Amino acid sequence: MSAPLSLGPARPVPLSAVNPVAQLTAIVLVTGVLLISGDLVTPAVLLVVDLALVPAAGLGRPADLFRRTWPLLFSAAGVAWVNVAFGSLEGAAAWQSGATWALRVVALALPGVLLVAATDPVRLADALTVHWRVSTRFAYGSLAALRLVPLLAAEWESIRLARRARGVEAGGNPVASARLLSGTAFALLVGAIRRATRLATAMDARGFDSGVVRTNARGSVLRPLDGWFVAGAAAACAVAVTASVLTGAWSPVFS
Amino acid sequence: MPAQGVWRSTVADAAVHPSDAARGTSRWRTVDIVVTAVLGVAFGVVFWAWNLLWAAVGTAFVAFPPGQAFMYGVWLLPAVLAPLVVRKAGAGLFAELIAAVVSALLGSAWGSIVLLYGLLQGAAGEAGYAVFGWRRYGWPQAVLSAALAGAMAAVLDLYNYYRDWTTGWMTTYTGLIVISSVVVAGIGGVALTRALAASGALSSFASGRTRV
Amino acid sequence: MIGPAAIRLAGWGFRHASRRAWAVRDVDLSVAPGERVLLTGTSGAGKSTLLRALGGLLEPESGDTAGELTLDGAPADRRRQQVGMVFQDPDSQLVMTRAGDDVAFGLENTGTPPERIWPAVDAALDAVGFTLGRDRATAALSGGEKQRLVLAGALAPRPGLLLLDEPTAQLDPEGAALVRATVVRAVADRSATLVVVDHDVESWLPLVDRVVELLPGGGTVEHPPGWRPAPLRLPARRPHPPGEQLLAALATGFTHRGSGTPALLPTDAELRAGRTLAVTGPNGTGKSTLALLLAGLRAPTTGTVRPGPALTAGLRRPDRPPHRWPAGELVQRIGTVFQQPEHQFLTGRVRDELSLGALRAGAGNATAARRAEELMERLGLALLAEANPFTLSGGQQRRLSVATALATSPPVLVLDEPTFGQDRETWAELVALLAAQQDGERALCLVTHDAAVVTALADDVLTLGRPVGVP
């Protein structure tokens, strides 16, 4: 396992042109509709819309998309099977039901995958603080911590090697593995907390905690495209629900 | 090997307002924010690695989810641990959400699902501390927080994935997850906080000075 | 406050709330605007405390203050916005993922309007000579470049006072030189007063106007121009003749999976009993990688690491190279001391740390406990027997790290940057400690960029060259 060293896309993809808060709004709408739906048609329609956006997120090649989502696909298949195996339905009805939940899982997950593929964390923080008035201290404090990810990943590796040098190794024994893992995780946490404390001091030394209202050097703008994107998401939801109702499949979870 | 110093100035700790911690203000200092975020970040990296491990090894578990329920506790650690360390309202929600965000940013295949789970699990865990007015951070609080977070996780799973199960299986599943959560996130969380305090890493926090 | 700041301390002292002893006391100091001062003193004399007080980072409630400390007539915590500070570890100071954004961070905090931020960022980057551009990823910078960027961030708000706390402690000689040159360039116009704390006193002497030493008992001493610190007393050495070959690296190279450029070009190295090999070379040539290969912690992608008969004796599978040895067997033959001692701590007590190695190698409890006692005596850790290793000071942790590597009496000892981040006193202690390990039978391998260590300890030197393609 080697952790990717940078979070967010290396270069902007077409979907990056949409403001992150617009994408988040769209995700909220779609997620809401999916959570209350209980049929096969709604997730199917929304999934088609998501797949249409996949090339815009820079994941145009099927190999790219598969690489990012294979655990999900795997699990979705598992979800279908499990519902059949442990469920209270029988035969074809069971499989259709299982397929419904599986499809729903994929449809729920995919918008988030697209967002991540198209958005840089800094832009996300800028958009959240400017448009949704999220606390700047929390947003940029989180960004500062986020910057430590590649460092933590490298430290994990170093700690693992250091432990081997001390004579501690996993071998095949699962109990020993678990102890080694928790020991390594502990050392990592200690280092991470110390580093975070020093980082906080440095940030305060640069006036982070001064109580003055922060300005944003990069800014974030909302454009007509963002409005259209959200409208498009709402329209897609409407189409999905309508199709579901028209084919008689609509069955919200609460009924 | 990465470069990192053995900078051990206790003055740095003095600089991050320990007096506030002693007074117990509810205002979040910069160090509270960054350390909570880092806890979330560290666990997000662990989750991401764990997810990969899951998918690779998970064939057996995919076939028998109740078997994987007992490992659930690790996912809920940030929500229970962060308030114990930082002792500020909202720390559990914040840490769990950051962990989910980092896990997603690192390319988790579960995309928005991870974010949804993080948000709701974090909120449930937070409720465990809210019940006590965010004033006490001991065993009972940790165990309650872990139980609530675990229950929320189970409910989410049942709602999203395991709709057709019989009531019997649903109960078993929930029970296993809550137990796992209480043991790993609740009891484990308190033990971890104590170990961290013993290592001196928590000298900027009240949790590093007082016994739980 | 515009322009360089004037500092005035009169009888100033500070004591932390939880301590009985004063961290600093009886400091009388006046610094004129635009002056450059080097602050020295033994560790524990309170240099860092003083610097943080000047930066307004000491909360009045966190301890007792005596006397007066003012910047341009006002107390330091009212002047915080006009002070720029740079600390040791660049990775604990950089906040944003792109260079320009990080420099802008300080300006955003003070509410500067966006249209004024970017010109100030460009001016600051220019002032420090950072030419890699605003969009350069901070993670991709070398240590020296990172510190340079931190300096730019500190200078962007045009501070009247610049405080540097051990800015070069974690850098290799190249990076340290880069930072010093940058500081000189940045304060050339005397627009800010400069106070530097650094244990590398000799390098800073030509760059400052005054040298002030904090005395451990309180008070200060002003050193006249032309003063030099007393040279460190290095242990007298008597090189031993080379014994048998314990470990040999034959054309070993390493390339990370998926990477185009090798981290280490094929290199030959030899560790002989009784001799100390120092591996040096500029950054990026793979010194640490070679250490890992020799220590059996990484598998070489080209070449082999061949252990001599003294090491392979007693192995269950003597035909295997070190990286395939089980950890329990490795720890008895090759001891490794990491750059960051905390990575190697496994227990909550110093005593347990020291008995662990022996236990791992299969010794009984009684033997292990005896060994631990022995080591604690020899390495001066007896008073810390019950302490948590993470709470030890930097120098103590380093000593403990060496002790744990020695616990199983391995014939080979590999150390990665043993003097990293150490101040003068702990440096001397550590060098003496390592010299004591040169007993004529053990082979030491020191990976270091510290030229003084090479002079003090090395019998043989291997210098790694610059890899092809790296600027």
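Letters A, B and C name the chains as they come in the text, with residue numbers starting at 1 for each one.
Operating definition for what follows: a residue touches a chain if its C-beta (ideal position, glycine included) is under 8 Å from a C-beta of that chain, and two chains touch if they have at least 3 such contacts.
If you're wondering where the values come from, they're calculated on a predicted model, not measured in any experiment.
Chain contacts here are complete: no pair of chains fails to touch.
Inter-chain contacts peak for the pair A-B.
Seen from the C-alpha centroid of chain B, the farthest chain centroid is that of C. Note on chain placement: the centre of chain B and the centre of chain C lie 33 Å apart, centres being C-alpha means. A straight line joining the Cα centres of chain A and chain B is 18 Å long.
If each chain is reduced to the centroid of its CA atoms, chain A and chain C end up 38 Å from each other. Counting only residues that touch two or more partner chains, chain B has 1-2, 4, 7, 12, 15, 195, 199, 201.
For chain A, residues touching at least two other chains, in rising order: 121, 144, 148, 151, 155, 158, 190-191, 195, 198-199, 201, 203-204, 208.
Residue numbers of chain C whose C-beta contacts span two or more other chains: 57, 87, 89, 91-92, 292, 338, 340, 342, 390.
Interface of chain A with chain B (complex): residues 1, 3-4, 7-8, 27, 31, 35, 38, 68-75, 77-79, 81-89, 94, 97-98, 101, 104-105, 108-116, 121, 137-138, 141-142, 144-146, 148-149, 151-156, 158, 185-186, 188-201, 203-204, 208-209, 253. Against chain A, in their complex, chain C makes its touches with residues 55, 57, 80-81, 83, 85, 87, 89, 91-98, 101, 104-114, 117-118, 121, 137-139, 153-154, 157, 257-258, 292, 295, 297-298, 326-328, 330-331, 334-336, 338, 340, 342-346, 356-357, 360-361, 390, 404-405, 408. By the touch criterion stated above, chain B contacts chain A in their complex at residues 1-2, 4, 7, 12-13, 15-16, 28-31, 33-35, 37-42, 44-46, 48-49, 51-52, 54-55, 58, 62-63, 65, 85, 94, 98, 101-102, 104-107, 109-116, 159-166, 169, 192, 195-196, 199, 201-202, 204. Here chain A touches chain C in the complex through residues 2, 5-6, 121-122, 140, 143-144, 147-148, 150-151, 155, 158-159, 161-169, 171, 183, 187, 190-191, 195, 198-199, 201-208, 210, 212-219, going by the rule given at the top. Here chain C touches chain B in the complex through residues 16-17, 23, 48-49, 52, 57-59, 61-63, 87-89, 91-92, 143, 166, 169-170, 288, 292, 338-342, 348, 388, 390-391, 393-394, 397-398, 416, 420-421, going by the rule given at the top.
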